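In this document, chain identifiers A, B, C and D correspond to the written order of the chains, with residue numbering beginning at 1 in each.
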Amino acid sequence: MLKVGLLGAGRIGRVHAQAISAHSNSKLCAVSDAVPEAAESLANEYGAQARGSDEIIADPQIDAVLIATPTDTHSDLIETATAAGKAVLCEKPVDLSLDRAVQCLKTVSGRGKPVMIGFNRRFDPHFSALKDSLEAGEVGTAELLSITSFDPAPPPVSYVKVSGGLFRDMMIHDFDMANFLMGDVPQTISAVGSSLVDAGIGAAGDVDTAVVTMTYADGRIAVIKNSRRAAYGYDQRVELLGSKGLLQVQNALENTVVKSTAEGVVGAKPTYFFLERYMPAYRVEWAAFVEAVANGSDVPVSLKDGVAALAMAEAATLSMHSGKPVRMEEVLKPVAK
Amino acid sequence: MLKVGLLGAGRIGRVHAQAISAHSNSKLCAVSDAVPEAAESLANEYGAQARGSDEIIADPQIDAVLIATPTDTHSDLIETATAAGKAVLCEKPVDLSLDRAVQCLKTVSGRGKPVMIGFNRRFDPHFSALKDSLEAGEVGTAELLSITSFDPAPPPVSYVKVSGGLFRDMMIHDFDMANFLMGDVPQTISAVGSSLVDAGIGAAGDVDTAVVTMTYADGRIAVIKNSRRAAYGYDQRVELLGSKGLLQVQNALENTVVKSTAEGVVGAKPTYFFLERYMPAYRVEWAAFVEAVANGSDVPVSLKDGVAALAMAEAATLSMHSGKPVRMEEVLKPVAK
Amino acid sequence: MLKVGLLGAGRIGRVHAQAISAHSNSKLCAVSDAVPEAAESLANEYGAQARGSDEIIADPQIDAVLIATPTDTHSDLIETATAAGKAVLCEKPVDLSLDRAVQCLKTVSGRGKPVMIGFNRRFDPHFSALKDSLEAGEVGTAELLSITSFDPAPPPVSYVKVSGGLFRDMMIHDFDMANFLMGDVPQTISAVGSSLVDAGIGAAGDVDTAVVTMTYADGRIAVIKNSRRAAYGYDQRVELLGSKGLLQVQNALENTVVKSTAEGVVGAKPTYFFLERYMPAYRVEWAAFVEAVANGSDVPVSLKDGVAALAMAEAATLSMHSGKPVRMEEVLKPVAK
Amino acid sequence: MLKVGLLGAGRIGRVHAQAISAHSNSKLCAVSDAVPEAAESLANEYGAQARGSDEIIADPQIDAVLIATPTDTHSDLIETATAAGKAVLCEKPVDLSLDRAVQCLKTVSGRGKPVMIGFNRRFDPHFSALKDSLEAGEVGTAELLSITSFDPAPPPVSYVKVSGGLFRDMMIHDFDMANFLMGDVPQTISAVGSSLVDAGIGAAGDVDTAVVTMTYADGRIAVIKNSRRAAYGYDQRVELLGSKGLLQVQNALENTVVKSTAEGVVGAKPTYFFLERYMPAYRVEWAAFVEAVANGSDVPVSLKDGVAALAMAEAATLSMHSGKPVRMEEVLKPVAK
């Protein structure tokens, strides 16, 4: 039974609390949060204790921590927790600063403690079925990947301001999905972006609509489309053209009811947002973490994967501002140092 | 070049005129109609002559006649035309009277002239693709057939009164489709029907909503659903459960546009009615007739097929009124005489 | 917190154990089974006690029992449990004998204890969304209902022999679905059936493929198709034609991956069988029971509903054997006594 | 009745011959081709005369010419034909040389004769339905356009060598589609491309897989994906995210048959290639030309539209080779001269 401390009792923390509790081999023991009431409320719900982060990390009874705190605390907590011998599952992104993330990677890499980054979409049954089909050679070799990822509605501008920008906050999931499916990081990244959805996002120096094109050393190409608004709900699709066919993940719908009237043939909308769409993925993610910790095997999404996705976000940001493609090696040099 | 006389210049006559003219080996030479102006107008459109039916049938220059006149004239015209040595393509149903149709079949059967009945749906590319897949054994052996056939809107009650009723006028297409796909006529027929769409149809002694269940000598089962109204358009679907899978023909849609908004995911409606849905089928039907005549081979839908479908309509009518299943042999005895 | 005793630790009992435990306001306290090891194993899994049925029913600490034992014990257990003051959720069918079920209904009806029958499909989110749409008038008034329900593979003949036959064992779900959606029981029932899937089923006196047509007092019609085998998985579809449109529940698929190759465009199969397809429905069903018990409100599926579905199965069996439609009043007369 | 001379009797010439003949207000009078036998064969088929191009253009009896000759003759023929007072419908692209195309535009612009460029996809019923929906405001204002356009199989390398490259030969259709849907030409174009399908295409200096991203003055974004190979057939899809929803054109399929077996749920493939997919569009295109000529109204796709698409192909080619985005004004300066 893995004894788990949860750092962060916000929206995503609650999601993880549910997954931790539902798993037969893990137990939520402690919860911390900058807002003590939030920690207490969540702890009570699951029969856990509300405690301070430091205390949780220092407690030798705790085997693992799940970091679901604000992004700027991730690197510090990863370092402290691994130093205290904990296994770590940390929410994405690793950090807003690529330098800091790289430093963190160097710091913890010798410690031998599992550090997994929470790219939950890798564990979504639809995306993993696509990956399985690809690896089974069912469409030959990959050539052209296309990821569509639209949120149903933009976050408040206040959130956008501290988010690190669309590439680090939102598209980072798609960068990791590209790495997951293509089995490699790209060579060049080229980004364009606009503020079309909410002028306040533009005023805050960010974009809400963006397209990123990536090329790989072997000539393959990937393109990612993001928008902060899709009036019809959360749009999460992937398609991959291979030498022998096409694989697509279509949207999961709220239900399978189809209504045909004089107005047309109407199906249900996509499941609304990430909580609805990816709850099963969060559970599979947690099970994969528990299993890796139990078996001493490699975690399926490493800290290095987290740094790679962050470096891609960095490159995309640079490309959008410079209006020129950016070679990944330009942003990854620090990693090599 | 097959020289063709068209008897009947109404809606369905115009459809056939188009198919005859578009075919490279047939020529529309003459058109007749009870309303001389209708015949003239259609004849002019295609560079043909407006003449009387008798005159057309008697003309040795005419190779074939297409009978698209009111149903109660079909048997007479089939008999006269074959006596005059013409090849015949006659619209469904053969007759409203099963006795008369059987008599007609006996009369013309020794003449050796091709008589084809216009069950156009056999030539629809979707249904024929299903048939091909079935015959290729792709779903094993057939077990359970289901036909859904809804018109977009009911005809005028004045039409219903002379139509012979839903089973002879509308479901007759589905009876033939069942024969086409199952490769046999059923052993028993059981029908229920109601007037739910238009009270006037009920007042006229007919139904507008009906379900017919049929069993076959080898235990297979088929069910046909008809409604005179589908608010979303012409609904023409077939599904067949076989020992190794299911085959379905879905509706052909007006276009492939999908619109996703806050209201849902909206696709186009089915193509509106039989003219839109089955125009390609009418062309393939005509081509099959021309080819059979040219090669002296059997027509793909015989007069006997037409009689069989009519006998099924008769059985369904009897069953609905008696509230009991009817064995096909009860209605087919006259044929055996 | 509702304290629950589970009678029956077989496959369906395990499903309910999971639902009971997952609910925040109910607790699985005791489990019984004819095979004591089965009860013990399941009890251990959920921290409950393995006990005898009588003991569980007699225990004043237990608030409710869930009956998941063989069908021929249902009526007895419902009577004993309600006599002991328990709330009851009993698996379908109520009984194999309509007489016994009617007697049971009479026996318990004065006791004022909630008795709910486990027609789980009413709680499936897809079917209930269709029902909501229908009740909101989105397709006008119902006219023609069609239910397709195919199992992936036939059960062993040994099971078939004690099952009460396809109509009582399998189609009973569809009878209840018809009652749920049409809001009424039918007036006449007409059934045909064959043994096409497994000759052993036929030899055992049962059918594996069947079509039932039902008519309602107001002229509406419903048709149910059942097969014990669908090579592609569990096929669970409903469609309802209304005066203003059509509502369909399509199959829930294993995932949303679509693979396009030279062989065609391939989507995932339906979720395999009832455990996969209806697990969410079992949870919603349980929640509805807990809520009704807590609020003292009517259970959403009453014992009377269970008797009605059983009466329809009886009528269908009679109709298939006699080859004639059966009026529901013929089989329901005993209920009125 | 528009009397038409067809210049070019190759594959696309034959498509146009069919459309010209099928139209009730146009007549195919003459056909020319560099290979006289080809001209004669096609002319015979439609009761037209085989003649030389110069002769056709000089004939005062001919009202219009359809140019379906090799691309390097287009500009010359447009100039000569308009000088001779003909209305012109010219296949895409206008020219392989942007300079020459611009010169041609200048030459003919004062002549007042209609010159239409054959971007047939604008007339496809699916794409035009999407455009109608967009213009009706059904998804709000356009924000992000995505065009997927994959050929079923690569052309011979010999063809690739003289084609002008993927951007001028293949993606030019998509550039025009973007202009059609976005109602504007882009401000910047950024292209990446690889040879993944056929090494011979790479050896010939071309690419077979490419992604182009375009930005517009108002911040909108468009992305085009091309591949010379899709094992499942001709993939022609468009999707457009607007402020209030998403519009998609899905592939037109060979038929509506769906086969469900143990292997999955298999639908038909897309219609094979452009002849099958776009034959209706060629007819609508021709009708639009005939109508514009008859009414003296503007042609729906002007020579200027043809030059714009060619300029975009030029910009994409430059961008791919330089690895940098290209501003459209850089390539369009010559037009402004």
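Throughout what follows, contacts are C-beta pairs under 8 Å (C-beta built on N, C-alpha and C of every residue); 3 or more make two chains touch, one makes a residue touch a chain.
In this text, all values refer to a predicted model and were calculated from it rather than measured experimentally.
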So which chain is farthest from subunit A, going by the mean of the CA atoms in each chain? B
Once you count every C-beta pair in contact for both, which comes out on top, C-D or B-D? B-D
Indicate the whole-number Å distance between the mean C-alpha point of subunit B and the mean C-alpha point of subunit D. 41
So, what's the distance in Å between the C-alpha centres of subunit D and subunit C? 58
Which residue numbers or ranges of subunit B touch two or more of the other chains? 139, 230-232, 235, 244-246, 259-262, 268
Per the touch rule, the subunit C residues reaching subunit B in their complex are 139-140, 143-144, 146, 148, 150, 188, 190, 192-197, 209-211, 213, 215, 219-221, 223, 225, 227, 229-232, 235, 241, 243-246, 323-325
Please name which positions on subunit C make contact with subunit A in the complex. 125-126, 129-130, 133, 138-139, 244-252, 254-262, 268
Contact residues on subunit B for subunit A in the complex? 230-232, 235, 253, 259-269
